Amino acid sequence: MEQQGDSLRHHCGVVGVHSANPDNIPEKLFYGLFALQHRGQESAGICYRKEIPEDGTGRFVTYKDLGMVSTVLSRYLEKPHPSTLGIGHVRYSTRGGNRLENAQPLAASCNKGSAAIAHNGNISNASALNARLSMDGSIFQSTSDTELILHMIARSRQPDFKSALIETLGELEGAFSMVMLHEDQLIAIRDPWGFRPLYIGFSDTITAVASETCALDMLKIRDFREVKPGEILYIDSSGVKSETFAPGTEPKRCVFELIYFARPDSLVFEESVHLTRKAMGAALAMDESAEADLVMPVPDSGNSAALGYAEQSGLPFEQGLTRNHYAGRSFILPTTSQRELAVRMKLHPVREVVRGKRIILVDDSLVRGTTSRILISLMREAGAKEVHLRLSAPEIKFPCYYGIDIPTRKELISNSLSPDGIAAHIGADSVKFLKIPRLMECLKDGEGYCYACFTGNYPVQPREV
Amino acid sequence: MEQQGDSLRHHCGVVGVHSANPDNIPEKLFYGLFALQHRGQESAGICYRKEIPEDGTGRFVTYKDLGMVSTVLSRYLEKPHPSTLGIGHVRYSTRGGNRLENAQPLAASCNKGSAAIAHNGNISNASALNARLSMDGSIFQSTSDTELILHMIARSRQPDFKSALIETLGELEGAFSMVMLHEDQLIAIRDPWGFRPLYIGFSDTITAVASETCALDMLKIRDFREVKPGEILYIDSSGVKSETFAPGTEPKRCVFELIYFARPDSLVFEESVHLTRKAMGAALAMDESAEADLVMPVPDSGNSAALGYAEQSGLPFEQGLTRNHYAGRSFILPTTSQRELAVRMKLHPVREVVRGKRIILVDDSLVRGTTSRILISLMREAGAKEVHLRLSAPEIKFPCYYGIDIPTRKELISNSLSPDGIAAHIGADSVKFLKIPRLMECLKDGEGYCYACFTGNYPVQPREV
Amino acid sequence: MEQQGDSLRHHCGVVGVHSANPDNIPEKLFYGLFALQHRGQESAGICYRKEIPEDGTGRFVTYKDLGMVSTVLSRYLEKPHPSTLGIGHVRYSTRGGNRLENAQPLAASCNKGSAAIAHNGNISNASALNARLSMDGSIFQSTSDTELILHMIARSRQPDFKSALIETLGELEGAFSMVMLHEDQLIAIRDPWGFRPLYIGFSDTITAVASETCALDMLKIRDFREVKPGEILYIDSSGVKSETFAPGTEPKRCVFELIYFARPDSLVFEESVHLTRKAMGAALAMDESAEADLVMPVPDSGNSAALGYAEQSGLPFEQGLTRNHYAGRSFILPTTSQRELAVRMKLHPVREVVRGKRIILVDDSLVRGTTSRILISLMREAGAKEVHLRLSAPEIKFPCYYGIDIPTRKELISNSLSPDGIAAHIGADSVKFLKIPRLMECLKDGEGYCYACFTGNYPVQPREV
Amino acid sequence: MEQQGDSLRHHCGVVGVHSANPDNIPEKLFYGLFALQHRGQESAGICYRKEIPEDGTGRFVTYKDLGMVSTVLSRYLEKPHPSTLGIGHVRYSTRGGNRLENAQPLAASCNKGSAAIAHNGNISNASALNARLSMDGSIFQSTSDTELILHMIARSRQPDFKSALIETLGELEGAFSMVMLHEDQLIAIRDPWGFRPLYIGFSDTITAVASETCALDMLKIRDFREVKPGEILYIDSSGVKSETFAPGTEPKRCVFELIYFARPDSLVFEESVHLTRKAMGAALAMDESAEADLVMPVPDSGNSAALGYAEQSGLPFEQGLTRNHYAGRSFILPTTSQRELAVRMKLHPVREVVRGKRIILVDDSLVRGTTSRILISLMREAGAKEVHLRLSAPEIKFPCYYGIDIPTRKELISNSLSPDGIAAHIGADSVKFLKIPRLMECLKDGEGYCYACFTGNYPVQPREV
């Protein structure tokens, strides 16, 4: 599902690090963000507290730019930047276009001190909050939700930062897994529904917070736990203090994190991403009716599910599509009509594997169907006898208000065509999606997830003005 | 006086363009800013209204970065960007360090619409205003004065943008020559004291506003006039409307614009920069007592004054220092102890001119004296018999609160040494400064200028909190 | 085996394109080289004949630089460059360090016309030839073998380019798969031993030559064949003419192309790379004695062999190592002691897969053993019970004189340790290599390959001076 | 005369440094080349001998690229590169277009050792030499003359480098001021006619060679002398050894070095550039007939001559044109029809100086007349009453074969129009050129110069094949 222009966009990834003693925090943020690069490739940034040894104070330094972690932040590998805390962010544009103004972290000073924030998610009542703040005289220099939060804290009549923050969180609806800096404190927050993942981990020298455990692995942290939905953590030199700011809300985690967004070696929502995907693939196989010779993934998005499918079905697993790992974003194809070329540059069939075969081709999901159509034509060209496309996600039919950039309903192929119609359209012999009940069976707590993009049942109603 | 590290910094330059019909406004801003490059070389930026032909509306697009106009903005020469209005800015850091956050124009949306601002000057009561806004819950993403102004407009209880702007201007103290965009209107404002210059000009197709007339010349505008101190101009498709927002204030123009900052071919404050500098040089010659063989400028800052000195004195004018025009900012010398090298890379004596000669060396002003000391030693090395340094500015002894980045009082050589002491320190045979009364005689309205950096008499008292 | 610093280096890739009618040849070279990027990442370049419509002639234009194809050559996607023929090259340094002087293609004019050359391989009698040419007065501007060839053609007493080329080829020993331009002709050449692969393909509009078929696939060419060892092909508007310049030599193809270098979806030496690797994995499994729970590849170099191993052994295939595809060369780690970090940035175990398991870990080959040691410690850390490393190549003990950059004999771990010694050294429970006879059984023509890096039996003796 | 597209091109500048003890030679080359930047702005490069402390040997390292000295070579300011000798080069394209292949220094190894060369000038019998070498089997990787010289040395039957070099020099015709490296020796050579300047200087620690003395000044060298026409200097740790390789040739120095190319503070040909230009200006004034109010230079090319004119004539000297020093080559104007804009970006009249005045405008020379026409129209626009253009060079009518890039005869305005015709064409009230006899009187040895571009009398006949 990863072809540019025909995919759901990863949204954002966040990381935060606190060290009791001054350490090279920007370097740690670099490595953490590097492991989260798959969550956002349009901009990268960090904000850290630069120690001022002269007077024992510090000030926040922010650096961010459009580009990949290794390009934007490699300057921080060159020499040490002593610091005790910092946060970092990678992003795709969701609300707010691909503009530097919207890159994060966002730092500002206000009547409650200096603060910085890095945010993964989408505030679903942002329009209403924006309207209220605007009426009261706030100015908006970006179109991101994140600026809202800082305004609300500054505006709050609460006497201090912490109580203003709690008050503000009480007014936010939607998805927010966040890390913040306030003076010498690192703060981690997860919305009451727990839409987006967030983990905290501990090593001998640092405490770190990150969207996925793969970032904690990079920092050699083996002792970690999930930040709970509705939990707020204050991390400073005195240790970690936990509070719950919204008791009683039922969790509604984003099932797409497990289906597609997260890295296979990560834990999110206390589930192994790889094993859950294998279970989804196996579940697909349970309802299979087609006769086939082999099972193949669309690499890498379909890898785990195809493996699960093969194990469940007993069919041979094959790697019949080669992925060119040099295919990235470093150049622009001259015209969009060259999409076929773009697919060909990234994925290519192994002729000797597919020739004459009846193939189960496993991918994670289907959005517009453009890439799949090209891919299947490449496989036909290479001699495939039958291609049965299997998706480890149900049919996507509805927009997301919690941070995933889903095309308009009209563009979603499952809103205009049935699975059989899709098969005809993309040239497959058959197309099947995972059923929602089957998907729920793959999860420890199937009820605790959001399936709104499949069902239209939104756990938090978006409020437009 | 221009050697890096031993100079007064230019502050900023602004430009604004309005066209009745859609035109390539960003290109015009490029050319205008290019002519103002000498007013600020650390960042460049524009904000223009991008026309949305579909619905006849527009939205503001901002692009700014650290660097020179030709680097940051050359992208706008490649293809047309249809627009009817825009503003641009070049800056040196004054209040607020060399950070991208402080680059201008600054654009924001608020309850009174979308606005953008580019500002030349320094608000002398910024601290007090900042404290008040902060208490009321504003957040500050930069350390520039400019953000204040947008906050105040948004906060105002006035019913519309225009009345909120007038209310805000009434609260500002200090120097502000500004251009603004609000919806489809270009607005030009000059503070009541008129510290910084601002001109408006008209051609058949556009109306343009700029810090100096050299920018209007670039745009082939021959019909122009000064924006008056305390004047506000509203420029839109219905024409230009002028108002006075602070009647009765006595002008206090910055005399240093004429001494050093502005380009010789510009008009500022309705004075020819070149001719006024020649008059200053001539005034220096009137009080001369030293015997000399020739008069030489430190190029290019002393060019005009040296010419005036030579004409008045009857001594031959010579160009005994060659300036290497490739010496810029494109690389960093390894250590600051290499200042001598830096001077040598930029200025070099013509041996055959200075050898055995008694020389009047004319520059505009003396700050720390470091460059002059090196320069005089280069001239001695080349065989100069006597070097008499003459400065077309009086002795600089006090900081500026209106936009010039003057070093601390302690660093200013005129606070620790008399002219004779300076001569001994820098190796000159004598050093003389222009007297303030002589300087005033060079100006049409000598009383209408600020001399605070020489006298400590501040026309507007800075208010710190 | 791909970790930087602990791998055999790919050598080079070449591509050539001829079109009967003027076409955007540089763009086609871009796409072909893009598919060959895995064969060389240090420099990229093309040389094409720019048509001069005025007089119906053309001249060679060369563009090359250090960097990846997408960076160096993306300029050629922007607008058409009408041309009828061109060649391209990607390279790793082998003989001759990482210097721009050694980037290819190399173009020169001489008494037999203008020519350009792009070369994959290594001339094993280069020193002797160089000494002779130098004595005769040739100058060398690079340290690459390629320059030799042009000198020899120019020096030849043969009357024309073609006969001089044939004479020159007769004197070259070692590996050379080459494409050349001479005036309006594209020439493809493969050394008599056939060390390096080379294919020619035909579409309706173009004839193309490339190191691997994956580059022809990119150009939508489905009709192709191997260029034979000792074959020379002249391609121009009159068609393709084939000659044999060294009859009677026995082929000695580089077995490492099949083991590691080539892309799995390519054909080289008329073998499917993927299927041959699967066969190697299966062969490993035939001699297995260890008990295990699952088979895992080191991605991506061990992918195909692990699949073959799993099929043969009946053990479950798993993807227990995640590869971060953003790990590239775009930044430099501060110290080489950070190798562990480098491995961690690229490969990470899926904890839930490896925990408590006895694992067959399949990779292609072992050079120094550094990466494997780190990888196995990461797997232990993630809870693996046993790790049995299996390599689909035999033990590498000897240098290569035909284009592979193998470390010194001392650095090759198999020269100092037995498989058991290696297992102890890298922390594996056991280490096993593919036996040479088994390897030969995986190939259609086992005798027709070079195994010198395993055996020291060199088909062509290198001649040093 | 400096406007891009309407000027004679500077050709090249060279520098060489030798130090008895290892020193940071690349840094010294940087500073020397920086001072020679005006002699060539299209590429910059150095070649230095990198010391190999292990075995007391060294090897040549070359680094060159398209761009300015400060961009291409600033990397050498970052850390020391211990070395005892090196050479550097800045270039404009003359023979051979603007291609990296033609950038210098050019380094190669041959049967007489490793050598590198940086060359200022043009070999007028290059075609004949090229034909001979080509016939003998040399290959040419560039189109520069410099490659020829290396081929000839390598081809020579002389037993050693030095005698081969002398033999080669005896065959070269035309202009060549060169620096070479051979093993541990720096060699400086000037052609027997002395077309291009070359100086050698000595400080306590280094010996340096450079095109102009301004480069030696940068290196704090005060003890220098001209390298004589036909002189060859061998500089190594044993000192400097001088030889004459072509006795009896009459010097024919390029008079344009004094008219336009060299920096005013330099000595070239043992003449002060500034004072010679002043004399040319004075000579113009001697033949003046026009009545005028003031004298103005076109900055900076006319500065010195205008000063000389003013002194001789007794008319006031004025600086009525401001030059924008930020106008460079860093961006491309969209269309060539925007030449007027380009002039306006660089030069602008001071309205108050020129208004109502009769002006003598002094520039160095007239090539196509395009820039002058625009400049005069800008002056009219600013109110000038009369503009009399005076050129300190005679009329340019013939091409140069010794290193200056003069347009075709057809493009040279003086081949199609008389001075009066030119005046009418460019809108001047009159145009006058310096007479050749007057020019000769400005020089110590008027007979020892080449005036071929004015007269067509070539001291060395170019030989085309």
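Letters are used for the chains, namely A, B, C and D, taken in the order the chains are written, and counting of residues starts over at 1 for each.
Throughout what follows, contacts are C-beta pairs under 8 Å (C-beta built on N, C-alpha and C of every residue); 3 or more make two chains touch, one makes a residue touch a chain.
In this text, all values refer to a predicted model and were calculated from it rather than measured experimentally.
Student: Trace the shortest sequence of touching chains from chain A to chain D and report its length in steps.
Tutor: The least step count works out to 2.
Student: On the document's contact criterion, could you list the chains that touch chain C and likewise touch chain D?
Tutor: Common neighbours, chain C/chain D: none found.
Student: Where centres are the averaged C-alpha coordinates, which chain has the largest centre distance to chain C?
Tutor: When every chain centre is compared against chain C, the largest gap points to B.
Student: List the centre-to-centre spacing of chain B and chain D in whole Å, with centres computed as mean CA coordinates.
Tutor: Centre separation, chain B to chain D: 37 Å.
Student: Using the average of all C-alpha atoms in each chain as its centre, how far is it in Å between chain A and chain B?
Tutor: Each chain's C-alpha centroid was found; their separation is 47 Å.
Student: List the centre-to-centre spacing of chain B and chain C in whole Å, with centres computed as mean CA coordinates.
Tutor: For chain B versus chain C, the centre distance works out to 60 Å.
Student: Of all residues in chain C, which are in touch with two or more distinct other chains?
Tutor: Not one residue of chain C touches more than one other chain, so the list is empty.
Student: Considering only which chains touch which, label the overall pattern as line, ring, star, complete or other.
Tutor: The chain contacts form a single closed ring, each chain touching exactly two others.
Student: Among the chains present, which pairs are found to touch?
Tutor: All chain pairs meeting the touch criterion are A-B, A-C, B-D, C-D.
Student: Which of the residues in chain B end up touching chain A in this complex?
Tutor: 62, 101, 106-111, 134-141, 150-151, 154-156
Student: Going by the contact rule at the top, pick out the chain C residues touching chain A in the complex.
Tutor: Residues 31, 34-35, 37-38, 68-71, 74, 77-78, 214, 217-218, 222, 263-265, 267, 272, 274-275, 300, 303-304, 307, 311, 316-319, 321-322, 324-328, 330-334, 341, 344-345, 348-353, 381.
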